[in-house]
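Next come two complexes, and both contain chain A; in the first it sits with chain B, in the second with chain C.
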Partner chain A sequence: MVALLLGAVIIALAQKSVTAPAEAYSSLFRGAFGDPSAWSNTLARAMPLLLTGAAVFVALAAGLFNIGAEGQLSVGGLAAAVVGITFKSLPAPLLLGLSLLAAMAAGAAWGYLPAYLKVKRGAHEVITAILLNYVAQNTTRYLATGPLREPGGAAGQTAEVGATLSRLSPNYDLHWGLVIAAVAVALTAVALRRTVWGYETRAVGQGPGAAEAAGISVARVQINAMLISGALAGLAGAVVILGEVPFRRFPSDFYGSGYGFDGLAAALLAGGSAWALFPAALLFGGLASGAEQMTFDVGTPKQIVSVVQAILIIAVAARLVVRRPGNRPVSHTPGSEVIPPSVAAPEPGSL
Partner chain B sequence: MPPADSTPVTPSSLLAPAVSLQGITMVFGDVLALDRVDLDLIPGTRHAVVGENGAGKSTLMKVLFGLLSPTAGQVRIDGAPRRLHSPADAIALGIGMVQQHFDLIGPLTVAENITLGSEVVSGPFLDRAAAEAAVGRLADDSGLAINPAARVETLSVASQQRVEILKALYRKARLVILDEPTAVLAPSEARDLWEATERLASEGRTVVFITHKLEDVMAHADFVTVLRRGNRVLSKPVAETDPGELAAAMVGVPGASASVHATDAAPPRTGAERPVPVLALRNLTVRGQRGEVAVRNASLEVRGGEILGLAGVDGSGQTEMIEAIIGLRPSETGSVMLREEEITHFSVARRRKAGIGYVPEDRLHRALVLSFSLEENAILGRQRDPEFASGSGFLRLGAMRAFLQERASTFDVRGTGVGKSARALSGGNQQKLVLARELSRRPAVLIASQPTRGLDFGASAFVHRALRAERDRGVAVLVQSLDLAEVLSLSDRVAVMLGGAIVGVVSHAEATEESIGELMTGARGA
Partner chain C sequence: MNELLAAAIRQWVPLAFAATGGVVSERSGVVNIALEGMMLAGAFASVSAASATGNTLLGLLAGLLAGALVGLLHAVITQALRVPHILSGVGINLGMLGLTTYALRLYEGGGLESAATLSYPVMAAAAALAVGLTTLVLARTPLGLRLRACGENPGAARTAGVSVTRVRYGAVVASGALAGLGGVALALTTLGVFTENMTAGRGYVALAAVIFGRWNPLGAAATAFFFALGDAVQIALQTAGLGGRIPPDFLSLLPYVLTLIALGTIRSRNIAPAALGDPSV
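Moving on, here comes the complex of A and B:
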């Protein structure tokens, strides 16, 4: 709410008009949820955010901040494209499955690196993941413009993959990737809440000292969480690349789609429950798809939506900080020197 | 250097109390911790507050320092009633307190710690030289020798205590409260401290200290107040009393000796009935957090059916040794044996499975996941047991709930509503939940670190009963505590650590506060 109000002020200033915010927001809303095609657009944008959101969420549950989702997404997308191009002769369902698995493996490997460096070497996962993001960005760009560029094709992209995720309905841009993403989020939510794996992951995230003393290996749990996180982010890359729309090819500027970073925002907004990833992803998806409409109708710069998003994230983060209960030491609680009057006098001389 | 606003030492002000507590009553829940306690503190004197554990000494001092608001009664300063809502109020009125656990920032220097909150500045910058000079002057004037430029984390405990006292003086404290100031000090360090307090008193300040040791009262206090179970039972000049009278007042019976400990213990066992050691340490050496040798060549046996108490001044290596036993800290050399099996290189999980139960010292960070629900906490460490996990890796939520209910009723854990988190429980109920969980695995060895720290009397008694019951069941129980009275009342044998080494193992019959105290401080060799 605060974010929308602040955004309104910014729009009013940018457009030099008091009515501009109202027009812009109504257009934004129409673009996001106004009609079936707007919904379709929103869901298409929410789809990768569900997966990257789940990726970041799993890492957060284990007490790790996976800022490397964008990089894991990129290498996952590239791996899916490479498999999809190389083994074109395979039957489509098999090829599709292989591509998705390759993407998850690549993402998991990319997620494993910061986890390993943290657990074994004590390097902070945020720093190493940011550095690995650069590596992913430039490696994928180089490969897409260089060795993997389609011979004779347009600049800066690979050839087309052999098998794609088909559309759910011929009229809309939605494809099976949305189903995969929704199922992945649901599985994540159930697994975190109900399984032994989820229990241990949350124990490490919320009480690492107690988990360790209880015999849970913090290192193992954190490495597993980052493997799964990376796999989910890699899967996000795959469903975007393999979707019948819009890609089917791996573009050199795939890193920079922002799906990884927006997933981070969605996971933070979701807070304590993985189920909340659905509304969170929908919100960010809606903002993105509405932004285009807004630009088209009112001429409001698309960047305004990014500003609103950013303010939204700050508002969420601020709320988290305010709400976090202070870890007061026990010595502050009264009663350390208390004796009930009813207790009989200790027998002297019993020692 | 007396602060500018200090009361000049004149005969009249010597008689009139500068600070007086009147009718202080403190109720926690249904427990009366202080019952209409009066305390007059006269400038230029040293006033000892003594009493057994749980007598209300710390509570009274916390009221005086604004950490607790009394249920009834008032604090009068220079005759005027004052409300102390926080330590900041108390400090503003010239009251300082040195707690048992210091509140210092390790990486900062002595001068930075002391001037924190009222920094010496020059324009926008900290004037480090001026701050150090000011602290140096203060240290010289008060006889509390310290290097203002030293980093606090490099200092000994005694020096850190001096920093705390200087911090109070820097804020112009006219009254300094010391909570068991010698508990962490070696004898020579204690002598220095007492000299410093004498000097403070001679400057017209008031020193209030809590202590267990009657000889300290007789040697270093001008006035003494004895509390027993929340009541003031005696208050008079030290010159008019003797240790016998004080000891009698503390325990409530005339003629009691000076070393009586509260205990409802059944007569302890000799430990000879089950001579087989269940847990044995052989020449164990363990490194601490900063790579220092924290435990040096320690050998120790805990037999089935005995409680072995582990005593020692804080930081003597007890924590590191226990962490090495449970597997949280690697041991450098030596071995940990469980029954006949060497477990030195077992993981924590394997050691627990092999039969070690553990009640950690740090309840909030080591024993419980505070944000977890109670049923989740109840199975922490047992989440892979078939009882709570299906073959496909799902938790059996129904079994968890039933288990929590059973444990909570057996161990009298109160406040266990559905979906409540461990954070919502009181300290006593948290500890009962931890015990209930650890004992549910029927351990062969139970290690309890500071098991009653921060607990009220009722919960402490419950914990002690549970530990004794385990002992009687044949479990080898190792109890580490900084509270010597607790160690003495629980233990069949007492092991004492000093500087990382085990300097003595004493049978219950020979263990007295004096004999153990001498071992703890190195005053007597093993």
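Moving on, here comes the complex of A and C:
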């Protein structure tokens, strides 16, 4: 609410009109939830956010802030496309499975690097992951415009993949990726609550010192969490490439889709429960699909939505800190159940 | 060779301003990954003001002020609202990218350009001056001592009668002003154009320079020069026609990869301010 209000103030000031925010928001809402096709757009946008949200969520649970989801998503999408193009002769279900696996492996590898640098060298994962995002952006762009470009095809994209995720209904753009994403979120939620792995991960996230003292290897748990986190983000890249209609080939500007960063916002909004990723992803999916409508209808640039998201992230974090009962200004980190210690109070020397 | 050096200095100036700002903020105990958003705000405000008034000095002031304002925002969010510093930084960077791009799109034709530009040797001298002055203030003045105390042992500083909150507010606002000047140097010195996401990660590279430079303005500036030289070599290789053999996308990776290698090869645990990221007020 606060975020939307502040966004309205910005729109009113920038466009020098009191009615501009109302027009912009009503158009935004129509574009997000106004009719079945708006809902379909919103769900299509929310689908990758479920996966990138789950990716960031798993890392957060282990006390790591995975700001690299966007990069992991890009390399995952590229890996899915490469496999989908190279092994076109394989039967479609097998090819599809291989593509998804390749995407998860690529994303996991990209997530492993910041975890390794943190655990072995003490470099903060936020900085290294941001740098790796740039590396992913440049590398995928180079490959899609250069060596992997479709011979004789349009500039800046690869050839079409051999097997795609089929649609759930012929009338809308929703496809099986939505099911994959929902299952992945449910599995994440259950695994974090009900398995030994989940227990160890949460123990490390809530207190690495205590976890280490209890015999849990913090380094191992954090590396595993980032491998899984990267795999989920990579999978998000694959379902977008293999499912969405404008894609099915890897475009050179795939990095920058914003799915990784929106997933980050969704995970923060979800707070302590992975199930809350569903409404959070729906909200950000709605904001994204509504923003397009808003730009189209009233010309308000869609980037205002990033501002609303930023305010939302900070407002949620502030509320977590302020509301906690018995919150005393000691070095114990408030809100640490959701906000990992490495973010709340980074180890000296890492940032 | 001279051209290479000139190009390196050109790349160095924005980084040096931002890295110096990063040192000031982090030595007071406030993690500052918001440098990126501060630079972006400074870059946008400077070109916007200079194109509206035709006066580069006003542009420079606007950039400085915009950076300081973003600094104030970071200070309020981290100190008054006690949001973890990194989250505040992530939010600010996302918000500033959105806000500047939004504002850019509202300009006629979607372009923002200023005919008048600042001379870049002057900005380079100013950057060197900022590095020198910050070193002096941090090392030799009571203010610098208080600021460092807040970053090393806020409890002791408080006992000695220093208002930790006030010092940190001041440090983060100053940090924003410096990073804002970095944005000015980026946007208003050469072409006088603001483009979408024009900082392109320089704030993060500057922060890496702070870490690698051991939270010392001179060290940070020297590291920033090393990164700038990498960038200059990449530009020189591209213009020298190697673009055909080495793809430009790979060459532009050079600064990021260098930074990653730098971060991967040092362990700096015992050099950082002891209370960096300290959430207490």
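What to note about this one:
Everything that follows uses one rule, which is that the second predicted complex is superposed on the first by the 320 of 351 C-alpha atoms of A that agree within 3 Å, B and C clash if a C-alpha of one lies under 4 Å from a C-alpha of the other, contacts with A are read in each partner's own complex, and residues count from 1 in each chain.
The rule we apply is simple: a contact is a pair of C-beta atoms (placed from the backbone, for glycine too) under 8 Å apart; a residue touches a chain by one contact, two chains touch by 3 or more.
Nothing here was measured: the structure is a model prediction, and the numbers come from that model.
Legend: residue contacts after superposition of the two complexes on their common chain; A:Glu212 is shown touching chain B, with no touch to chain C.
Once the two complexes are laid over each other on the shared chain, residue contacts for A:Leu187 go to neither chain B nor chain C. Touch criterion not met for A:Ala92: it reaches neither chain B nor chain C.
Put chain B and chain C next to each other and count what each touches on chain A; the higher total goes to C. Residue contacts after overlaying the shared chain place A:Gly122 against chain C, while chain B stays out of touching range. When the two complexes are overlaid on their common chain A, residue A:Val196 makes contact with chain B while staying clear of chain C.
In the superposition on chain A, chain A positions 329-331, 333-335, 339, 343, 345-351 are in contact with chain B in one complex as well as with chain C in the other. Taken in their complex, chain C has these residues touching chain A: 26, 31, 33, 77, 81-88, 90-92, 94-95, 97-99, 101-103, 105-106, 201, 204, 207-208, 211, 247, 249-250, 252-253, 256-257, 259-260, 263-274, 276-281.
Looking at the complex, you find that chain A touches chain C at residues 10, 14-15, 65, 67, 117, 121-123, 126-128, 130-132, 134-135, 138-139, 141-142, 145-146, 261, 264-265, 268, 301, 303-307, 309-311, 313-314, 317-318, 321-322, 329-331, 333-335, 339, 343-351.
The touching residues of chain B, counted against chain A in their complex, run 26, 28-33, 35, 52-59, 62, 67-68, 99, 101, 229-230, 251-253, 256, 260-265, 326, 328, 347-353, 358, 360, 362-372, 376, 380-381, 383-384, 389, 393-395, 397, 423, 426-427, 453-458, 488-489.
Against chain B, the residues of chain A that register as touching in their complex are 194-197, 199-200, 202-203, 206-207, 209-217, 325, 327, 329-341, 343, 345-351.
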